[in-house]
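Which chain is which? They are A, B, C, D and E, in the order written, and residues in each are numbered from 1.
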Amino acid sequence: MPINYYIFLSLAVFCIGIIGVLTRRNSIIIFMCVELMLNAANLLLVAFSKMHHLVLGTNFPTLASEAQVFVFFIMVVAAAEVSVGLAIIVMLYRNTHSVDVNFLNRLKN
Amino acid sequence: MNNLQIVWLIPFLPLIGFLINGLGRKSLSKTLSGIIGSGVILGSFILSVWVFLQVKNGNTYVAHYYDFINLPSLKIGFDFQIDQLSSLFLLIITGVGFLIHVYSTSYMHEEESKDFAKYFSYLNLFIFSMLLLVMGGNYIIMFIGWEGVGLCSYLLIGFWFKNNDYNNAAKKAFIMNRIGDLGFLLAVFWLIAKVGTADYHVVFENVHKLSVTDITGITMLLFVGATGKSAQIPLYTWLPDAMAGPTPVSALIHAATMVTAGIYMIARSNLLFTMAPATQTVVAIVGLATAILAATIALKQNDIKKVLAYSTVSQLGYMFLGLGVGAYTGAVFHVMTHAFFKALLFLGAGSVIHAMSGEQDIRNMGGLKKYMSVTHVTFLLGCLAIAGMPPFSGFFSKDEILAAAFANNPVLWGVGVLGALMTAFYMFRLYAMTFLGKFRGTHDQEHHLHESPAAITIPLIILAILAVVGGWVGIPEVFIHGGHRLEAFLDPIFAGSKAITTQHEMSHTTEYALMAVSVGGALVALLYAWNKFSKYEKSTTEDSSIGKILANKWYVDELYETIIVKPMQSLAGFLNNTVERKGIDGFVNGIGKAVNYGSRQIRFLQSGQVGTYILLMVVGILIMFIIQFLSK
Amino acid sequence: MGIAAILFWFLSALTIGGAIMVVASKNPVYSILYLIITFFAISGHYVLMNAQFLAIVNIIVYAGAIMVLFLFVVMLMNLNAESEPPQKKRYLFFAGVVAGCSLMLVLVAALKSSSSQIQLVQMGSGDVGLISNLGKVLFTDYVFPFEISSVLFLSAMIGAVVISKKEVVHPE
Amino acid sequence: MNAIILTAIWGIVMMFGGVFFKSKSTPKYWAIAGLVLVFLSNGYELLNGVPFFEIDVKNMLHFNSFNLTFIAVALFCTLLFFLLNGRDIEKVGENVSEYFALLFFVLCGVAIAASFNSLLTLFLGIEILSIPLYILTGSDKRNLKSNEAALKYFLMGSFSTGIMLMGIAFIYGGNSNGSFLIDNINLGEGVMPPMIAVGLVFLLIAMSFKVSAAPFHFWTPDVYDGAPTVFTSFMATIVKAAGFIAFIRLFDNAFGKTQAQWQTLIVVITAATLLIGNLTAVFQQSVKRMLAYSSIAQAGFMLLAIFALNDYAKEGLILYTAAYSLATIGIFAILIKMSDYTIDGFNGLAKQYPAIAVCATVFLLSLTGIPLTAGFQSKFYMLLAAIKNGQQNWLVIFAVLMAAVSAYYYFKIIQAMFFKEDNQQAGAPAIMVEKLTPAFTYLLYFTALLIVVLGLFPNLLTTWLYY
Amino acid sequence: MFGNYITIPHLLIFVPLIAGLIAFLIKDESKVKAWSLFAAIVTLGVSVAGIYFSKNNDLSGLTFGYEWLKYLGASFAVSLDGVGRILTLLTGLSFPIIFIATNNSSYKNPHLFYGLMLLSLAGLMGVFVATDCLLFYFFWELALIPVYFLCSRWGGEKRIQATFKFFIYTFAGSLLMLIGIIYTYLQTGPTAFAPHSFALSAFQNVLLQPAQQQWLFWLFFVAFAIKMPIFPFHTWQPDTYEQSPTAVTMVLSGIMVKMGLFGVIRWLLPIFPAAVLQYDNIVIGLCVIGIIYASLIAIRQDDLKRLVAYSSIAHIGLMCASLFSAKQLAIEGVMIQMFNHGINIIGLWIVIELIERQLGIRKISQLGGIANKAPILTISLVVIALANIALPLTNSFIGEFLMFAGLYQFNVWYTVVAGISIILAAIYTLNMVQKVFYGEVNTLTVATQEIAFSEKAILAVIIVAIFLVGLFPQPLLQLTNESVAFLLTKLK
């Protein structure tokens, strides 16, 4: 597969994620769209890893694994973020009984 | 060391007098301040006489005291130049000045003692400044005196400072003088730029190196200075107003000395003016125009001092005419005689006013002859002198100027004679209305009428004698061979000018004829006025239109008010209210307001909604990418 | 078109379709389910590229743990299509779509001329993505980041505790 | 290295301490003690160049005098912050020990972000630094403002994480070495390949977000405003400073040679940040919110270092972070004690607390950049660096004009303190919520003095860069 | 004096600095007044000693540069040259006069007031002696801060806005100058320790292209123009003068405006000669416009302080124009006029302060007839006012004469237009004298009393200074001869 296909696929997912963030008001869904963006990056990284492996793999067999390890760490971070994020959303929901991001706008101007 | 080095004492004595009277004005008694005030002038006078004797034989001396300014590109010494011209002026200033001081001790006696002392301190300061003016060895020192006399004139005109009209007059005098001063200063700058110095002798030595433009420019500017100080068109209007000051002040400053500073300055710079024929023409024309204009105004004035003031302006005009036609000696001569008879007339007027308890309107006088004989006689002599009746002093000096004018251009002479006729007319109108006929004042005033005390009459008598005989030092050649002693005396000063001008030799017949015409005309005018106004009655009839214009001084004050003062005031107001407040400050504040406004608007970006924030961020990201990739 | 290509296109379509449905679904629960589908599709891509370890982790961690957590929260809050906050301001909606699409456009334009378009991705072969290899790398070269990410988890843990402990609410 | 390990360990200590500590004020002392320890160990490393712990990080971290100095500054400022505001942290909620633990974790993240040498450690560092902050922002659970701030911060923060990862992915894909190490990314001076360029822009945007540069600053005012004030103080200073250090390290070491190709972006960002930060701050009535905007404005000035990328820029950035952090911590420490956060709340402060007012003045003058304060020296260095760079001199002029605008809002507080009368009505609340302890006051003096000393002798700090 | 380590310029800075810090601790009003007067007199003594001990005119003569920011090429280098001496003398002389003249005014929190006054004294001295550009900038700003506090704390009703405008305005200007300083600094050559140098000598020897000079010139000029102030940067000034406590107004108008002129002399003319020669017409044109503009506006002012403020703008405009004419006479005139203007305007403020303190008003339209009640006050004012409009034998005449003479050599028409201000100055001054002092007393001024002995004494000092310089200007001119010569060699 040419790398461009993966690039454009990832970009598509990434942009869909962004559109989701922009158009939805449910904070959980916005968060999910952010996860979509992260996954786009993951996919891209893996694709690049395999691309580099194709070129460099013969001389540096472990080189391309870096990106895959990176993806692993992204997943780690995502998990941590999710736990914190959901905790915050839940806290908010307990206080306001809403998950609408626009429900609270005491802070402005 | 030349013993003339001590001439510094001449101005120093009045300065001492000023300081003593000024600082001790609360403790000094009137007598003491009078004695100090007059005494220092007497001292200066005696020194002046001595100086006169020293330079009589053609000596000149420059006394250098210290370096006033000493820069690589400009050296100005604190120098006094003692020569024939300055010594002559010294005599006039200190001599007439002394008489007027003596006169003042009596005239000002009703003032409180501290005001009395203040008055004398001002007078002394004036003498000091005037002496600096004439003694200065360069234009800078002259300018110091030049502005100094302006200041003293300001102080003395506004001596009674509670009266706002007097203050306005004082202010007007100072400001108009300053306009002239600006011209003077610019001339000095020009000189410094071209010659690199302001010393008289260096300037005159280097005068040939200057271009015609330079000389014309410099002399024109100097003449502007002279018009301010010597009350010529267009800056003459302050002088009549200056009559607000005490009468002896008018006599000293506004008749005898300060106003002649312009003539002194031009006479001093005669070489420059001689080399600038264009300027000379202007000087002559302006002088003559002033002489006529002031004379016409004087015809219809009713204030005794105003008449004298306009006559002063008119006589100064004659002097400038003399300067303009190259008759420097004549001009200086006229300065001298004018100092005598005009001081006399002013002091006489003061005596009258004193007797009339402050009344100055001649329509309310009349018949004073029988109450104040000394004043009357001396005043009459003064009038004859100014009217140019032979053999009184005015005849000789005025005749010399007119003769020179004729030699230059007969038209100048013709107009000059016309002015002389008017002079005779208004002076005798004044004389007749004051001293002849019957008294027109209130009963109260009549009761008070009395001859003035000796301190007033003695100066009058001395001045009257001078007014009669003063002209004899300049009896022209036509009468006595070698008669013009003054011309011989002043020859070292004007020799340079004479050397480069062509002398118009007139036949004696012509001279006699000219004299006859002017004297005859003046006599007719004199007798007509005498006859007409000795029977003057108060009447309420309106003046004719031309009379009204004359009585209102050709509306020149109003004209100035309209074309200069008012526009300047409204321009200032416009600048203050519109340009400054709304324009410049408005712009500066506008920046502040714009920042505030921008702040108020830009904060709405911060809408508080995450959606909007992220949208804006995405737009930002878009912009970043567009800049990075599509802007090339 | 080989099998790999067919799979690639299928999985890509699934990924994008799932992603679009995540955004478009009214009901949050559907969104989550579509997201899981997307994740599975991405895992499929990983498998396709022989990144087996990531494929598994992605399914276990993302599709499994994380998404279940999401689902749990949504269920807990009893969110459904009715309770979904509507996007009242239409222009914001369009602005969002337009902005996202423009970004896509700009990025594609920027990368279109990329010299790497000829570069190929190694499909199906290559052993870097195998568990054994990655494990080795992770515990040798990447032991420091691995350890330090524990700090991340610790703070997330503390955070979850701190945040979730019940306290009385006094608005404002 | 010492700092990273020890802060992590001490964070765990504090975490477990929560179980054992009986008194509410105990954690504070432990935290201070731990921080002193970390500070000293970091100092040891700075002086000797050898860490206590020999760990092979495979070149993913790189320690030099620059980042060790910065870590020292950050630790010192945190210490000062603990000392000044320890009591206020206790007041935020019940989990005091946990707050301190989180703060230590943030410090760990700061240390990593300051010393990263690989995109992976950069990413991890920034995440370690961010996630505890999301929590701290929301730690005042009873306050809806705090909740809102936490949500906003979290959503936008994770959004920016996505951006950053995308950038990292493109950078990785674009460079043919197949490595995340900064040294390997280091490009020649040629034209960047499009993929690198795209990645660079993404990274630039993500870093701009972290340092709250416009137009990616939107989270800053709301989060700073909503978060408990003590934590705002911490976030606005040390964390932001770490962001800048990471920023300049990344862009200097990885992309420094291609600067000409992306300088326009940084110019636009800098100008926008200066403009928006300063302009919006002018209108603010709440001092806390005003300081939030002012932190954006100050970020604009610090961005000049990224714009310049030379030795002056690095020296200056260290100085700037120190000066800015000290002054901001100081002014926040005072603000926390105020009963009214609006500018009017400061009215008449000088009358009742003259010494405090003088300290506050020093802080504000430093923020404005008046000579004799550290703020001047740091601004001076920034200008020096930017002018030395030689490009776009208009930006420098714009920056100083905006500095003049900043004087406008900083001096509003000074005016309130010194020239306005306090509310004299009976029953009006006191200016300060509580009586100030002598220790607090003396520490405040010390901070002010430090600012002045740094203002006179900035080399006391910058000299460490060449140690 | 104290060896090489503490020289007179150092003392000039540190004596008032330390005295000011001590003054903060003296709470008793009379004691702090006495202390600050003492400190000011000591400073005056030092500045007089500075004139006495530093005969040679090169800037390295009394220089001792402490290592300060060595690695930046900045040092704590201070020195006294001719310009510095004349301005430190003015500053030294002014403060005792100000303290004595305002001795009867009482201020809230006197220790703060006098402490800040002494600090501003230290700042001003620093500006005048610094021979290191960074140090100069330091003091340039530092002089401003105490004055800001003084004005805002003890000023009139609208003090806060007015002072704030003043502060922001000057701050913006100085920041622009800072850019210029840094840019120039980066063009200087390396020193032993640093790649560039802030030393005055380095700045003076820096090689700048005309194109560089052109914009650097404006960066510096705007800062100085705001400080002086030059039309159209002047609008902060009348408001600030009006609102400040009079003692501070004296400092502002008497000395602080000289900072701008000093900056031009020390830092603008020698460093950017090409640009100076290129832009001299623009600058002088602005100055000349300003002279006439300010004089005309002064005619319309009703507030005494504003009137003096506008007259000051006019006078400073002339000085600035003269500086840029680059003619020997003109610059000599500026040197001496800086001193004279300081003395005169402080004298004017003292009189205004005395009136305001007695009557609580300073509107010209409300005053009148004071001469009846307080002749000494009147005479003093008339003398000082006349000196202010450059009457011969007063000090200003020398300065203005030389300036006009020099300006004339530069361009006739500028001189003619600027010369009109001589007339306008007479108009507004005499108007003011007439309306305030002459005429009859009114209900508001009937309570006027003659001034106290100490005030008489201080006015006498000023008047003596006026006439002394007016009669014997040469010693003062001598003081700056070589500075001017140096400046001219730079401007060739």
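Following the convention adopted for this analysis, a residue touches a chain if its C-beta (ideal position, glycine included) is under 8 Å from a C-beta of that chain, and two chains touch if they have at least 3 such contacts.
Small disclaimer: the values here were computed from a predicted structure and weren't measured.
Common partners of chain B and chain D, by the touch rule above, are A, C, E.
Shared contacts of chain A and chain B, meaning chains that touch the two of them, come down to C, D. Comparing chain pairs D-E and A-C by the number of C-beta pairs in contact, the larger count belongs to A-C. Ranking every chain by how far its Cα centroid lies from the centroid of chain C, the top place goes to B. When each chain is reduced to the average of its Cα atoms, B sits farthest from chain A. Core chain by CA centroid proximity to the global CA centroid: E.
Chain centres here are Cα means. That of chain B falls 38 Å from that of chain E.
Centroids built from CA atoms put chain D at 26 Å from chain A. Spacing of chain A relative to chain E, judged by their CA centroids, is 65 angstrom.
Rounded to a whole number, the gap between the C-alpha centres of chain B and chain C is 101 angstrom. Under the contact definition stated at the top, the residues of chain D that touch 2 or more other chains are 120, 124, 127, 131, 134-135, 138, 141, 144-145, 150-152, 155, 159, 163, 173, 194, 197-198, 221-222, 283, 408. Among the residues of chain A, those touching two or more other chains are numbered 3, 7, 17-18, 21-22, 25, 30-31, 42, 47, 49, 51, 53, 55, 64, 66, 69, 73, 77, 80-81, 84, 87-89, 91, 95, 101-102, 105-109. Multi-chain contact residues of chain E (touching two or more other chains): 168.
You'll find the chains touch as A-B, A-C, A-D, B-C, B-D, B-E, C-D, D-E. Residues 92, 95-96, 99-100, 102-103, 106-107, 109-110 of chain C are the ones touching chain B in the complex.
Those residues of chain B that touch chain C in the complex are listed here as 611-612, 615, 618-619, 621-622, 625-626, 628-630. Within the complex formed with chain A, the chain C residues making contact are 4-5, 8, 12, 15-16, 19-20, 22-23, 28, 31-32, 35, 38-39, 42, 45-46, 49-51, 53-54, 57-58, 61-62, 65-66, 69-70, 73-74, 76-77, 79, 84-87, 92-93, 95-97, 99-101, 103-104, 107-108, 111, 114, 116-123, 126-129, 133-134, 136-138, 141-142, 145, 149, 152-153, 155-157, 159-160, 163-164, 166, 169, 171.
The touching residues of chain C, counted against chain D in their complex, run 107, 110-111, 113-116, 141-142, 144-145, 148-149, 151-152, 154-156, 158-159, 161-163, 165, 167-172. Chain B meets chain D in the complex at residues 592, 595-596, 598-600, 602-603, 605-606, 608, 610, 613-614, 616-617, 619-621, 623-625, 627-629, 631.
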